[in-house]
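These notes open a run of structures that come right after.
What follows is a pair of complexes built around chain A, which joins chain B in one and chain C in the other.
Let's look at the complex of A and B:
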């Protein structure tokens, strides 16, 4: 206990170690929050979900905090649902038919145009489809007819893709034509600015049956979204950023723990028994040095399975007989000759007892820095595999975000947030463990004291 | 991919070689033989494991059979063939499949073939690729690998040599100015070496290619390749900057830190203090008392550096779209092209074994404590 306290006091003298520990604590807290807030099944459902889950999100939207940076403010996504009472609803029954008027009112204050506009209808009827007509009311009092059509049980009206509407708006797509300041209508597309103020979307529906009803949802897709932004499939990157945290930590910790502890026990066994056991371990280590590590992982990922847990297992197996085994062996060979080991032998302690109770604990001061220092290697290994397209097929991870971003040309199209967010998290995780490992190495390794 | 690690304790790199002995030449011969045989067995086991994995223990054969069947049935969809009677058609299909399977050796059991593969690989009879071709259209694995070799060597030799000498020189100079602001900065920066090269590559691409637009995103030369050799060379150099910078960023600070610490430990040895007390110049101390005993470790690092050049870096090459050995390997795995996979592995294994073998003798040359085949003179 005393040595531990002393080690902690020594460690606390290194500001980099404290910073590293603070980052690690934050990452652990984030992991716990993630596991509670988005359970595993939910995360998988969200990440594998398509338009059905994410239809309310814009595509490739920057994070919302980019609006705090200097430059024009981009609109955020606005979702208004009549079913949730977010529209003014007036119902009038006229001789067998019912007039249902839905008016969505919103203020538009952004400097840029929205990405897309869409209205999602749902309706109940038995035979006769309800009929709707849509109109747009601008702050300066103009009324623009958007379209009229009959609707099925569920119907999507994408204003931006309606060619008739585009023609009516003098060739501008709806998300620009409906917002543009009228005097600028002929200007170059890049010079257009939106008119700020209160807009109205007026939907007047006509139902032809008793009990027939309709609801509408108006979605104004913004250019920015949430804390993390979205990807090409409208998914909120936050899900992957959050879930990447526990996965990276678990992968790094498990792999490093599994590798270092097994390596230590094996080298202790080799040093204790000597002879052919030791020789075998040495030979296996040499073979393993010749086996190319990443290529084998790639072969297994391509030919067998891409499951992250299989990759973890193989990484541990291939790293056990690594270079560290020789270092440990040298130390064990020294300890083996110590008088207390001889004493243990003379009272009849078995090989297992001597190895686990007397040999292994002696090497823990060397083990701990090593254990912490190799964590970043494995965290980055997971990301590396994902960048090669060998990431886990279901789990969202940081590496898979980088891979998605690269595959979809995020760097070419200026969607830097898509690469930067997972990269910064990876870097923070790697640096935190590396800094703590460095400090631990100095605390536990007297040779490095004062160096 | 293996990064050369510096042993922290002095002399850890020196291999334990029995020093006493009388018949020098015989001992040297025996030692050499045992070492060579051990290394060869190691290579054999390593290569055989690679063959087993690359064939999925024989399962790749099933995939190939399926592919052959598909190819053959696609080949025979012509109206003339359809007009033939059914039994003739069936015989023809079976015949074609048999020929294809024979060509790939699928008519023999996998275990037998795996041994044959091993023999071919060890004798460097790399054979023909199954699906891949070199840019000149050859199917010879040797040509496919040779074609990629120059680009990998160019990139990794440049980066690794710069890295090696820069870290050595910086490490040595930092060990002299222990505690200076530069020393502190390098120590603070050294944890960044935990990130691999491709990771820095992405940042560099973002800054210099996407944001500033001053350097290309990737590739090896501009497209189409310039005709004049000067312009070609300039274009090559331009494309080389970012990947080399990424490789250097990912290992320089860690390596400088390791060398600095390593030299610091050596400069606190008693004989160095003694030399200082005698009033030798800093340069003399460095050359005679610090560099000399650390030479084996430095040479080991240099040799391992050279070896990693051969392996390329799969992900860095992918990120920068660099046509090197790493990408070749990755494509070969994706196409189940076992001969190419085994070919590049066996080359690497031989080179590594050869380096380890030669290193033992180099140690003896530079380290007076080690004498291979000692002829009785006091060591």
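Let's look at the complex of A and C:
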């Protein structure tokens, strides 16, 4: 206990260690939050989900914080649901038919145009489909007819893809034509600006049956979304950023613990028993050091399975017989000759007890910094595998984000945030563990003390 | 007739073994030298044909210079080295034939006090833990009993107040205190035999006497057998009843303390005694005669008596050809030297 407190006091003298610890604490807090806020099953559902889950999100939207940067403000996504009371609803029954009027009102203040416009209808009827007609009311008082059609139980009207509407708007797609300042119509598309003010979307529906009803959801897809932005499948990048944290930490920590501790025990066994046991361990290590690490993982990922836990197991197995075994062995060979080991044998300690109780504690000071410094190596390994297309097919991770970004040419299309966000998190993790590891090395390693 | 004789013979053979607590018979400890990792390149004959008996409660000193095989002999007795030939018999049982459990039981009866007290104590354990380890290993399961025995052992080596020492780490103790902890650890399993390997050579002169007196006191109260290994004859006088002189892997002279110190028989013992310093002003002006040369290589020891190349009295054709057997110029005094062959040997 005293030793621990002493080690902590020594460690606290290094500002870099404190900064590293703060980052690690933040990452851990983030992981805990993630695991509580987005349970595993939910994360998988979200990440594997398609249009059905993410239809309310824009595609490839920048993060909302880009609006803080100088330049035009881009609109955020606006979702208005009549079922949630977000539309003015008037109902009139007239001789067997019912008039249902839904009016969506919103203020538009952005400097850019929305990405897309869509209305999602749901309706109940037995035989006769309800009929709707849509109209657009601009702040300067113009009314634009959008279209009339009958709807099924579930109907999607994508204003942006309606060619008749585009023709009515003089060739401009709906998301521009409905917002543009009238005097600018006909200018080059890049010079257009939207008219700011209060817009209305008026839907008048007719149902022809008793008990028939309809609801509508108006989605104005923005150009920016959330803290992290979205990808090509409308998925919120935040899900992967959040879930990547516990996965990266768990992968790094487990791999590092598994490798370091096993390596230490194996080299202790070799050093203690000597003879053919030591010889075997050393030869296996030498052969393993020559084996190419990444190609073996790629081979397993390609031919067998890309599960992150399998990759973890194989990484540990391949790293156990690494160069560290030689280093530990050198230390153990030295400790083995200490008189207190001979004394322990003389009062009856067996090989297992000598290794675990007498040899291992002496190497802990070397082991702890090693353990911490090795964690980022494995975090990066997981990311590298994902970038090589060998990431876990199910789990959202930082590496997967970079891989998706690469596959979709994010950097050629200016979607820098898609690469930047996971990369920053990866770098922060690496930096934090490296800073703590170096400081621990100074605290525990007598050879670096006082340097 | 034959049937009648057999039990008589067995009784005669086993009688001394039962009387002796420990008997070492024809012990050889050789280490194989390898060439290129696998080729045989001879042996280091660290212990070569050593025999002696030790009674319960008896203290003997094994004296010899560095590299004469004292430590290898000690390790073979502790069961840390397997004898190449010969055997170590403890209370009628051969140590090298023990299985793991018997060996642990045997080691519990033999305490070990090492030369370097700081090295002998694990630096990462407290005194309490250090003393608890032998008890844990030897199956003392009750924590209260362990604590009581730890306290008792510390009181016996006069480290008091006990409570002050229990939580300390070895580096917080002085050399003498460390050696007392080592002795307490050797005593905690209530052994019958203590093997002490130069227990005071690394201590300050002022502490040496106290530690030796402590060991002597423990030996007398517990009726312990003690093997005291040293290169310093001046400390032997106060400690042991018998002295064995070791040279190049062999015991060359065995005798009672007074007998050996007053009438040494072997030329090497003479030289050893002459070289022992006494605090006497007269010594400063006198140059002592020391045998020329170095102790022989243990890989290729000289034929015959191993001391003959350095011996002024060596008999050509005898000492350099034939290994001297043990002669007994008087009862209780054995010497392996051709000079003492037969009744007309020089006194």
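Operating definition for what follows: the second predicted complex is superposed on the first by the 449 of 451 C-alpha atoms of A that agree within 3 Å, B and C clash if a C-alpha of one lies under 4 Å from a C-alpha of the other, contacts with A are read in each partner's own complex, and residues count from 1 in each chain.
To be clear about the criterion, a contact is a pair of C-beta atoms (placed from the backbone, for glycine too) under 8 Å apart; a residue touches a chain by one contact, two chains touch by 3 or more.
What you see is a predicted model, and the numbers here were worked out from it, not measured in a lab.
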item	value
Chain C versus chain B on the shared chain A, clash or fit after superposition	fit
Partner chain(s) touched by A:192 [first = chain B, second = chain C, both, neither]	neither
Chain A residues touched - chain C or chain B, whichever exceeds	B
Touching partner for A:316 - first (chain B), second (chain C), both, neither	neither
Touched partner set for A:425, first chain B, second chain C, both or neither	neither
Partner chain in contact with A:242 - chain B first, chain C second, else both or neither	neither
Touched partner set for A:286, first chain B, second chain C, both or neither	first
Contacts of A:340 with chain B and chain C, given as first, second, both or neither	second
Least C-alpha distance (whole Å) that remains between chain C and chain B when both complexes are overlaid	7
Contact residues common to both interfaces of chain A (with chain B and with chain C)	none
Sites on chain A touched by chain B in the complex	16, 283, 286-287, 289-296, 298-300, 302-304, 323, 327, 330, 376-377, 380, 383-384, 387-388, 402, 406, 411-412, 414, 416, 419-420, 423, 426-427, 430-431, 433-435, 437-438, 445, 447-448, 451
Complex interface listing, chain C residues touching chain A	78, 80, 100, 103-104, 107-108, 110, 112, 114-116, 119-124, 133-134, 137-138, 182, 185, 189
Footprint of chain A on chain B - complex, ascending	1-2, 5, 7-9, 12, 38-39, 41-43, 45-46, 49-50, 53-54, 56, 59-60, 178, 188, 190-196, 198-199, 202-203, 205-206, 209-211, 217, 261, 264-265, 311, 314-315, 318-319, 329-330, 333-334, 336, 341, 345, 348-349, 352-353
Parts of chain A lying in touch with chain C, wherever the complex brings them together	338-340, 342-350, 353, 357-358, 361-362
